[in-house]
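Here come two complexes built around chain A, the first alongside chain B, the second alongside chain C.
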Partner chain A sequence: MAIGEGQMDTDAGGPSEDVEAKFGWRYTFAKVMQDTTARWGLYVVAVVLLISAYTVVDSNLSRLTFGAMSDFTFAETLPIFDHPERIPPPGQGEGNVPPVFHADGSMSNPLGTDPSGRDYFTRIVYGAQVSVSVGIASTLIGFVGGTIIGAVSGFYGGRIDDLLMRMVETVYAIPPLILIIVFTVFVSGGTPDITYAIIGVGITFIPVFARIIRSEVLSVREMDYIEAAKASGVKNRNIILRHVIPNSFAPVLVYATLQIGVTILIVAGLSFLGYGAQPPTPDWGQMLNVSHGYMHSNVWLSIWPGLAILVTIMGFNLFGDGLQDALDPRIDD
Partner chain B sequence: MGLLRYTAFRVIQAIPVLIGITVITFILANLAPGDPVRLMLQGQEVDQEVIERVERQYGLDRPLHERYVTYMANLVQGDLGHSIHRDRPVTELMIQRAGPTLLLVISAYAFALATAIPLGIIAATRRNEPTDHVSRIVALIGVSTPSFWIGIMLILIFAIQLGWLPSSGLVYPWRSPDHYGYSGYLELAFQTIRHLLLPMVALGTLQMATLMRVERTQMIESLQGEYVKLARAYGVPERTILRKHAFQVAQLPIITIVGLNLSTALGGAVLIEYVFNINGMGRLFLEAIQSLDYQLIMGITIVIGAMFVIGVIITDISYAYIDPRVTYGDRD
Partner chain C sequence: MSAEPLLRVEDLKTQFFTDAGTVRAVDGISFEVYEGEIVGLVGESGAGKSVASMSLLRLVESPGEIVGGEITYKGETIFGLEEGPDGELHEHENMLSNEEMRTRIRGNEIAVIFQDPMESLNPVFTVGSQLREFIELNRDLPNGEARQEAIDMLREVGIPDPEERYEEYPHQFSGGMRQRVLIAMALACEPSLIIADEPTTALDVTVEGQIIDLVDELQQKYDTSFIWVTHDMGVVAEICDRVNVMYLGEIVEQAPVDELFYDTKHPYTDALLDSMPRPDRTVEELDPITGVMPEAISPPSGCRFHPRCPDAREACKRIHPENREVARAEGHPHRAACIKHDVFGSDYEESAPLENGARGDQQLPASAVDSASGESERTDGGEHNE
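Right, the complex of A and B next:
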């Protein structure tokens, strides 16, 4: 049992002080920051989170100030932003304007305009909000639910394992995209919305986490130190919390950061097919849906939202990688 | 527990899952507010009398559990019901569309495995060297990009800009060359590959990247194992260590991921078929959703769920076969 051997001494005798320090949040953060790519990942995540936070605050402040019916936003007063949703009246905004580096482009619309004449840059910036909030919320649901189910299932084995795993497999058996579309369309009675998508995505991701942690627990369960803990009369609950979960945790935590990316991917796919965010909400997937019809005439419409998705998910993935290296004591430096 | 008995056990275990899938699908399909016939008409004005007659004809006026029992009785006999909207048996509609999806998913997996495993091993053995960095960047972009956007970009570059490859449709190798007007089987094979190339890469990239990351991590961990150190101390050649000791241990999670990702691949096929205009089950599903053809939606969901269950059984069995450390059933 080569994998467990390195931890034998610490696990058997209880964590000593410097081990405590090695697993602390400050230590992990410092280690992530040492890694250049992980640091950049964190920067991207931070920027995307700040942008989302700003757009949430702005739209709420604007609603409070100008009333719910008004579609004016504070951001509009800044020279770089336009209104993310309002379609300019005929004759005022030109549709399908190419980006600034193009001969027909202009600085007032650095990324061009969409077919309705709205500033594409503003819509891309506001698009962060939907992706990020859905990504984080649903991953959290999946992470918490899956860790509990997976750990209990893998540790106890037998009937409990069978029952939980059959339930998990049932939900997991149907591809998330299909299950979420069916859920969204039927529950909403044919008028899909992003709210249904959030709930659907959250539930469907519990099984992913449950299976991953269970397969880890399956091999951890066979380790000698679990045997030792059992022999010395440690309660099952404590074995799961203190030995099984920590030793199976690293892959799951890394999977969670990567899962935020996967969730953003799925929601983008949902919106692309028309079952996620609905127009006029500025959402990257939804924008790709619109631009799909302009592939021959305006290539840029298809490129920007995809790049936004790519950069955001890459940020989460780079950060996840760094977290993996920082948290996994099994990888030596 | 022997492997054979475990296999039989696992197949029997799958039955509740399959029943569970039908229950979930049935409940979801009947969660819809309003009756299915009205939902299907999407707001069109029709006489109440007509609606009632259609409901009676398809047994929709009976209570939910009765309908479920009837549905299951038919399902066991391979009958997935009748699509009211299309007036055709669901089974027949699906069989027509299964081929393209299977062709797409299998070729995407072949592409993913053929690239991911060698690249992952190379990255692990040359850790922190340029080769490692390049393959990590490729994997990173792969897991960070929506498959449908890769598809759109591939169409923009290879179909619209360069005009090298077709942007939509598939050529099916099981049809005769005459059907397409090709000169022979060689051209049929060539055209099949030509049409398959872009959607295969679009669907396979995510799988490739995921598998490569896992392969790399596992190989690194595996190469740091005590047994590898011991083998090195005994003077076992590095190649043998890689092939016999490190590689085998590292494959266990790969098998898990392949099984688990089958679901993502089947879901991804919906998007890729939409982007590339492929007449597979994914497109059929979208068409069914659009017309709220709930018999067809249930049929597709159940069949895709069943496909995944079979995939997981195969995964679990090969799991036990490869890793002798994992014991099943009787504990202690």
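Right, the complex of A and C next:
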């Protein structure tokens, strides 16, 4: 017979429903959905994510079907879509067509066409892919880099902490846009590309993430389970990975959602300045760059990508705000 | 006892180097733990019990440092200093490296059960996965077996439906159940020594009783030795074989448990026993120890307990007694650090009693008692420096 069998704790019982309800993804999700603005934020984020996911799948599928060089998209077989990058041959597509509600507009180009005659609606839709992947990739670089540096720094303390934090603060002290432009130009050797912009933006975000996670780690490392892990001979690396980071995660996660919006804005700005996405890639910032020369003749060219950026960023910010409230146990309905 | 002890601690000193000065948290303690024994480490908060037990695993964190003494476990040197040819103290060459401490000693040979079961489990992982991780870490078991072993351990410590509870998170467990999980973790690798750092302090009395019974049964089954750190004399009486009473970083009395209770040799132990709530006494009849424990940063001169000691005399302010054998019982020495015993050969008998407020009738109001003991502390410090 097992020792202790038959003796039951007076307060043993099953899991407490109340406690369980306060944690977990389902509870957080339900709380976000209760908040009207957060809910709409989530809808926007979901739509943008779905669109970008579709465009990624589409272009890869057509390459698999028609060979690596194929630039065919399945979407262009639909009446409202055209190819996002291919410029129509002379005589076939008219440039600077106004949107559909305008007297000269037509349903085949609901948002009009750009100066080269490409369907603007298609380009706006495909622009989501660049913005979202850039937003997520840059934030991820900052997030992962910042988490590692912050966790190591906070966990070990002392000299390691001093060294890492001073390095991080040096990066923090340089104005981000200048740092990114210098980085992009320097690393790319004069031919800027979206990849360099992503990495550059990611690096400028490392300091903020590092500082947030470090402050969390400073309290988590005093917990008994950290001491217990040390006393049972767990390697420091594993203590950081399994015990420190997962318990310091929540505030950084919220910050990351908010940061995606900021990143999209910064990269749009970079593209506008010519250091980000290069033509013919459909990117909202780069489209603004092209369209600002047509401000007087066709203002819609600037309005659509501007609106797209605005709505996307608002979506991420509203959702991030809602997530923050949902994860904060002090805020109750 | 002729057999070699499992753990021998000699003159261990652990100090914290703070801005305000050096805190002598553990100041030259010596004790042994034999196989299959439960040894108590008793004292008030701040006596240095926890620091002492963490020192045994070399887990003292900066600004703390072990500055002296020797810790021997199964013939291996966990900590030791020796004088080098240049006259400086060096770490003993046979001392285990940090890597060896981590892989061979911690968890495998010496495990720890912490005070607060609410805080000692990682809230983001299931109880089972934590137990399994711990088993995988310290024993070479294939994946499936570690899981089975973890479930068996949960059953062993009396957790009902271990298969289901394996998948649950710490917040779904009650305090007593969590403490059982921690005991399972400590026992999982069949260590020879478990340091239990006030494991029942955070629990209800009823649950405390169950946990103590459980430990007692498991201890007999696995023949594990325990160092039981506590401030509760009641728990000591129930579970320990031998007891070390600590005061301000020093061991003031060391004896087998019955001997300690029935033939107390140190006034501090006496005072501890008198301050224990008992059913046959009302609150008014309780006899708490007067004053608070002084800071370990500037301990009183002479005997460190003299400002609060009812038996203190002038001589106590001058003479700092070491722990000496004053009697023998059950094959173990009964040591006490109090000069009222003849073996110290001091002039205790001739010197005048001290008026420190700890004596007898308790007629001084509490505040006066405090300031009186505080006063005597300061004067002592002054005299000592002259």
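Following the convention adopted for this analysis, the second predicted complex is superposed on the first by the 251 of 333 C-alpha atoms of A that agree within 3 Å, B and C clash if a C-alpha of one lies under 4 Å from a C-alpha of the other, contacts with A are read in each partner's own complex, and residues count from 1 in each chain.
Going forward, contacts are C-beta pairs under 8 Å (C-beta built on N, C-alpha and C of every residue); 3 or more make two chains touch, one makes a residue touch a chain.
Quick caveat: nothing in here was measured; it's all calculated off a predicted structure.
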item	value
First, second, both or neither for A:N247, with chain B first and chain C second	second
Greater chain A contact set [chain C / chain B]	B
Touching partner for A:V234 - first (chain B), second (chain C), both, neither	second
Which of chain B and chain C A:A173 touches, first, second, both or neither	first
Which superposed partner A:D162 touches (first chain B, second chain C, both, neither)	first
Partner chain in contact with A:Y225 - chain B first, chain C second, else both or neither	second
Which of chain B and chain C A:Q324 touches, first, second, both or neither	first
Where chain A meets both chain C and chain B, residue numbers	2-3, 5, 157-158
Residue numbers on chain B that touch chain A, as the complex places them	13, 16-17, 20-21, 23-25, 28-29, 31-34, 39, 42, 140-141, 143-149, 152-153, 155-156, 160, 206, 217, 220-221, 224-228, 253, 256, 260, 263-264, 266-268, 270-271, 274-275, 285-286, 289, 292, 294, 297, 300-301, 304-306, 308-309, 312, 325-327, 331
Residues of chain A that touch chain B when the two form their complex	1-3, 5, 157-158, 162, 166-167, 169-179, 181-183, 185-187, 189-190, 208, 211-212, 215, 218-219, 222, 258, 261-262, 265-266, 268-269, 272-273, 275, 285, 288, 292, 295-296, 299, 302-303, 306, 309-310, 313-314, 317-318, 321, 324, 330-332
Chain A residues within the chain C interface of the complex	2-5, 7-16, 19-20, 23, 157-158, 223-225, 227-235, 242-243, 246-247
Residue ranges of chain C in contact with chain A within the complex	57, 59, 62, 101-103, 105-108, 111-112, 114-116, 119-125, 133-134, 137-138, 155-158, 160, 168-169, 171-172, 174-177, 180, 182, 185, 204, 206-207, 210, 213-214, 217-218, 221
